[in-house]
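There are structures below to look over.
In the two complexes that follow, chain A is the common piece, with chain B as its partner first and chain C second.
Entry: the complex of A and B
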């Protein structure tokens, strides 16, 4: 059988103001029924490669290749009209994030029927019927009703299914899926992967674009690892993932946080533990006689939690005055000095609201939060400032949390400005920067020029500047590539052990949590459904919700082997 | 390294049963209402809200105008009497006839009470009921405004469509024209059009204001700058929509560039454009003054100017009422069209 896609030595360059070579000599072939994956981090050229297959790399791009055949045709000589016959016809294309990939002003019906009309797949009067058949086919219940809805009215999973249905509408031989499960919750991700697998088993060939090796291992039988526009390694998925030959692949694999990676570093490099302890260790936590943390009684020393929530409940009003929704429901938690607590749950579970309550940014409707024994609610202004210094925050989008007019030096110095004289502030900022592994030249840089990983390091620096007892991290590594994520996780982990600063780590990524934390609480619909030692919760989940979460984590083949259940 | 602290025993909280009882809908995906009912609700709510708002806006407009005209210099009675202003007897009878002996707040209340009955008082200078006067002169102004609006919309969409295509050269030409029409004051455009096309070329006469011919130049004077402005907003919207992922998705389905523009991008671009059209349309009735003056056309603008010059209070108030009403109607219609186009506005919250 002839290959659906057969590319030799593909190069794609963008000739804007600066020339960018996105793909530099990639070879690729997809045979009928095969599923090939392009794996790489951002900027590796994987999405550009995918778009070149439908001829949509954009007006200022230059595509060259020794051979470039798509669906049996020479793609380099295709006219726009011929390209259009391929797009949506022989090749279906599914972009990531259905919320933006589907037109928000058009119904699911209109979106899917667009393909049917463009390619005259069925006669006009059968279009409605076909749309419903397609929706049913991707596992949408009540397709007649769903077809009339808009993307924003559907849940994340249904939305993604509708998008996949539109990709399949032209009965393509090849389905290109670009990050098909990114931004989906883990249980929805598992459903979408199962759906794609089912279609693959029915004979649709696939080209999967992903940064997530675990996702790839679930879908593809052949994988190409890309880095900087080049394929660094390729081969059967099982082979590449279990016996990686190239150092880049090996690094990529070892950077994935999971149960197996617990207790080891994910990345190279090392934090200066002594300097970290000296610069950022919370004040006085090591003194046993500080009554805020320890109380000495006849039967021994009792440890006081640095952060404690009891019965915390928070309501939000529903739009249009239709009552209120419980975002956080009766949550109790205690965080002890030096401890790492994971807070996991899917979107809408209330974990970010809980973070804001713990930070004292919003007041709970019921219950209270105590920082080293003092409540946010009852503290006066001076006490409130003292508490504020003890609890610091790192968000997912740190660049957004920096004042764009400040330099990095000003951002880090801001919390400590009034407390030390200017020379000391500068000195402290410089040394903190060294601890998080950033070069001094970033001090004078605008935060907008920082990369995602650098921004998180600056955020960590700013948080540490006050010697906090607790840092609350809300999805701090979710927007990062896996190798950068590994560095930031290692940094947080080592800073925690060096300084004894406790971490409350909020994440939807169970692998990250499993790797990092000691204790975990699992949230669903605002409730804590399960909590305990991370091993206990992950190995023997007792709550059905936790069980479904853990079952849904896509596993790499190596981990599957080590884990006999 | 921190020493490992002794943890208290963790208790498992399994008393919260999983799902139904305590689950409240997240993200309010409300399936119980069909799309049509949702749309009906949103429109009903909007109209109700707008009616209440309209009453308030009209009241505010009248009150502000009432205060403003009474602060204007000039004695109303002398104005009414004209050359008889020194006739004491006539002065006394006039004052009582027009109710000018009442305190101002009472005059205000009396005026307010008469509005719902359709009685807007009698013009001091033209000696005719204001309602009747406005009714007569509304015709030409409305004709001018409506034609200009339609032309502006057509010009705006055509220009936006032409400049977002993949033809080079069109865009810089249109950009230059845009700059000219947007920076030139409207009366200047009117005068230039008049000088060139009427006086010099003699193509369009503006003498007989009832003929269609006389409408061409005033319409052009209003519609051209407006159309170019609209085109700018639309083009910006189209460009932004074409960069969105859904446009890429549409192209991966095999749609042509033109189809993506007309089926997807234009609709997105229309949303801000429609709000703008609402604002423009609302201002047209009152804003035609300058054009009407330049082209010497009868209309609301003309009597508004003369009314203000002679401090004809009932006339000024009547015109303020009508133009405000037009504004409220236009912006309500724009909002309704927005709701029809954008399902996200129907979900509640934003009105």
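Entry: the complex of A and C
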């Protein structure tokens, strides 16, 4: 059979003020019934390649190739009109961001029927029926009702399904999917992957773009690893993932946090542990005479939790005064000095609300949170201020947590300003920056110019400045590339062991949690459904929700077998 | 990183003209040696000539000198009005944006009411109660500009208040007022210089309008609105007495708007 896509030596450049060579000589082919994956980190050129196959690289781009055939036609000579015939017809395209890819002013019905009309897939009378069939086909319950809804009324999973349905509407021979499950919860991700697999088995060829090797291993039978516009390695998926030949692939695989990576470093580079301990260790928690952390009784010494929640419940009013919703329900937890606690759950499970309650930013409606034995509800201002400095926060969007008018030096110095004299502050900022592995020249830089990984390091640096006993991290690595995520996780892990600062680590990524934490609590609908040692919870989950969550984690073949060969 | 915005010739020209107006306001004797109040009845309504570059008015006073000296009043009243608007608008906007809900409701509704009246009418009513004169005129014109500044500040304060950096700052045990002064207010004031520059043109027109009606500086002061008012009965015989003050006024207003728009584009490009 002839290939649906057949490309030799593809190059895509963008000519703006600076010339950017996004793809530099890539060859690939997709045969009917085959699923090919392009994997790589941001900037590797994988999305640009996908866009070139549907003719959507934009007016500033220059596309050249020795051969570029799409659906049996020479793609380099296609007019915009011919492209339109191809897109949605022979080639279905599912864009990355399901929220922005659907027109907010049109219903799902209008969105999908447009494809049907444009390509005259079915007679006009049957369009409504076909839309519903398509939606049912991608696993949407009650398609008649859903078809009348707008994008913002749908959950992330439903939106992605609607988008896939519109990609499939033209009965394409080839479906191009760009990051099909990014930003979806793990159980929804598993459903979408199953759906795409089912279509593949029915004979639709696929080109999958993803940064997630585990997702790719579930879907593709051939994988091309891209880095900096070039294919560094390619081959059958199982082969590439279990016996990576290229160092880049190997690094990428070993950077993925999971059960297998526990206890080992994910990246190169090392933290100066002595400096870290000296600069950021919380105020001497190992001294037995400090009653805030230890209580001495006749039968020995007991360690006090540094962070303790008991019966914490938080309600939010529903819009329009229609009662209230319980965001966090009767949560008990204890975090001991130096410990790492994972808080996992899907979106809407209440984990971010819990983080804000633990941080003392919002007061719980019932129950209380104690930091080193003292409650946030204390009326003593001085005591409250002491608590405040013991619990620090690292958020997912660290760039948004920096005042845009400040420089990096001012951002890190702010918490300790006024506690030390200015020279000492400057010195401390400089040394803290060294501990998180950033060069001194970023001190005078505006935070908006930092990369994602640098920004997260600055956020860590700032959190350490006050020598907190607890750092609460809300999804600190979920916006980062795998290799950068690996560095940040290693940094957090080593700082934790060097300084004894306890971590409360909130994440939807079970692999990350499995890699990093000692204790874990699993949240669903505001309730803690299960908690305990991370090994116990992951290996023998008792609650059905935890079981379904762990079942849904896409597994890499290497992780099933244990080690990378 | 955004590209630096190209400085267009129109922006350079507008800045130069605005600079010239400011120079005339600060140090008019540098631009002309003639006394704007010296009247020579024998030279009444003389057309432009080598001696009087843009002619003379009914009293035989040199028109160019009067235009140059007149810049001071127009600019002072315009700037003063904008300063009043900015100060009052910032305070009200900050209180509404950062204060308790009832205060927000109170201030916002008061601003809605203020906004319902045309600003020139508001100024007329104010002058009617307080009497003419420069300080009263500044207050009167400033009053009408308060709503736009207060609304912008209020919404910017609300954006900054719910931002990640304010949430973060509250984890350092900083007092609330310090967070507001250090993080909320400076970030909320970003667009104000632009609004102020854009508002300057409107305020200068307003001030000339009020002087035209005789509610600003009193004769024989050199003031553009007053000069326009004086000229209107003689336009047929001495067109220059109306056209040149009008050109000066229009030039300054357009220049302020051009510079303001440029600042605005530059600010928006930051994001």
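Following the convention adopted for this analysis, the second predicted complex is superposed on the first by the 559 of 565 C-alpha atoms of A that agree within 3 Å, B and C clash if a C-alpha of one lies under 4 Å from a C-alpha of the other, contacts with A are read in each partner's own complex, and residues count from 1 in each chain.
Operating definition for what follows: a contact is a pair of C-beta atoms (placed from the backbone, for glycine too) under 8 Å apart; a residue touches a chain by one contact, two chains touch by 3 or more.
As the structure is a prediction and not an experimental result, all values here were calculated from the model.
Superposition of the two complexes onto chain A shows chain B and chain C fitting side by side, with no clash.
By the touch criterion stated above, A:136 is placed in contact with neither chain B nor chain C.
Once the two complexes are laid over each other on the shared chain, residue contacts for A:265 go to neither chain B nor chain C. Contacts of A:67 after superposition on the shared chain: neither chain B nor chain C is touched.
After overlaying the two complexes on the shared chain, residue contacts for A:392 are found with chain C alone; chain B is out of touch.
Centres of mass aside, this uses C-alpha centres: at chain A, the angle toward chain B and chain C in the superposed model is 30 degrees, to the nearest 10. Judged by the touch definition given at the top, the superposed model places A:500 against chain B, while chain C stays out of reach. Superposition on chain A leaves chain B and chain C with their closest Cα atoms 7 Å from each other.
Across the complex, chain A meets chain C through its residues 17, 359, 361, 384-385, 388-389, 391-393, 395, 397-398, 400-405, 414-415, 449, 462, 466. Within the complex, the chain B residues that touch chain A are 1-2, 5-8, 10, 12-14, 16, 18-19, 22-31, 34-35, 166, 244-246, 248-256, 259, 263-264, 267-268, 341-344, 347-349. Put simply, chain C touches chain A in their complex at residues 1, 3, 163-165, 167-173, 183, 186-187. Those residues of chain A lying in contact with chain B across their complex are 54, 56, 59, 84-89, 91-93, 95, 97, 100-107, 114-115, 118-119, 145, 148-150, 152-155, 163, 166, 169-170, 285, 303, 318-320, 322, 325-326, 329, 332, 334, 336-339, 347-348, 497-498, 500, 519, 524-525, 527-533, 542-545.
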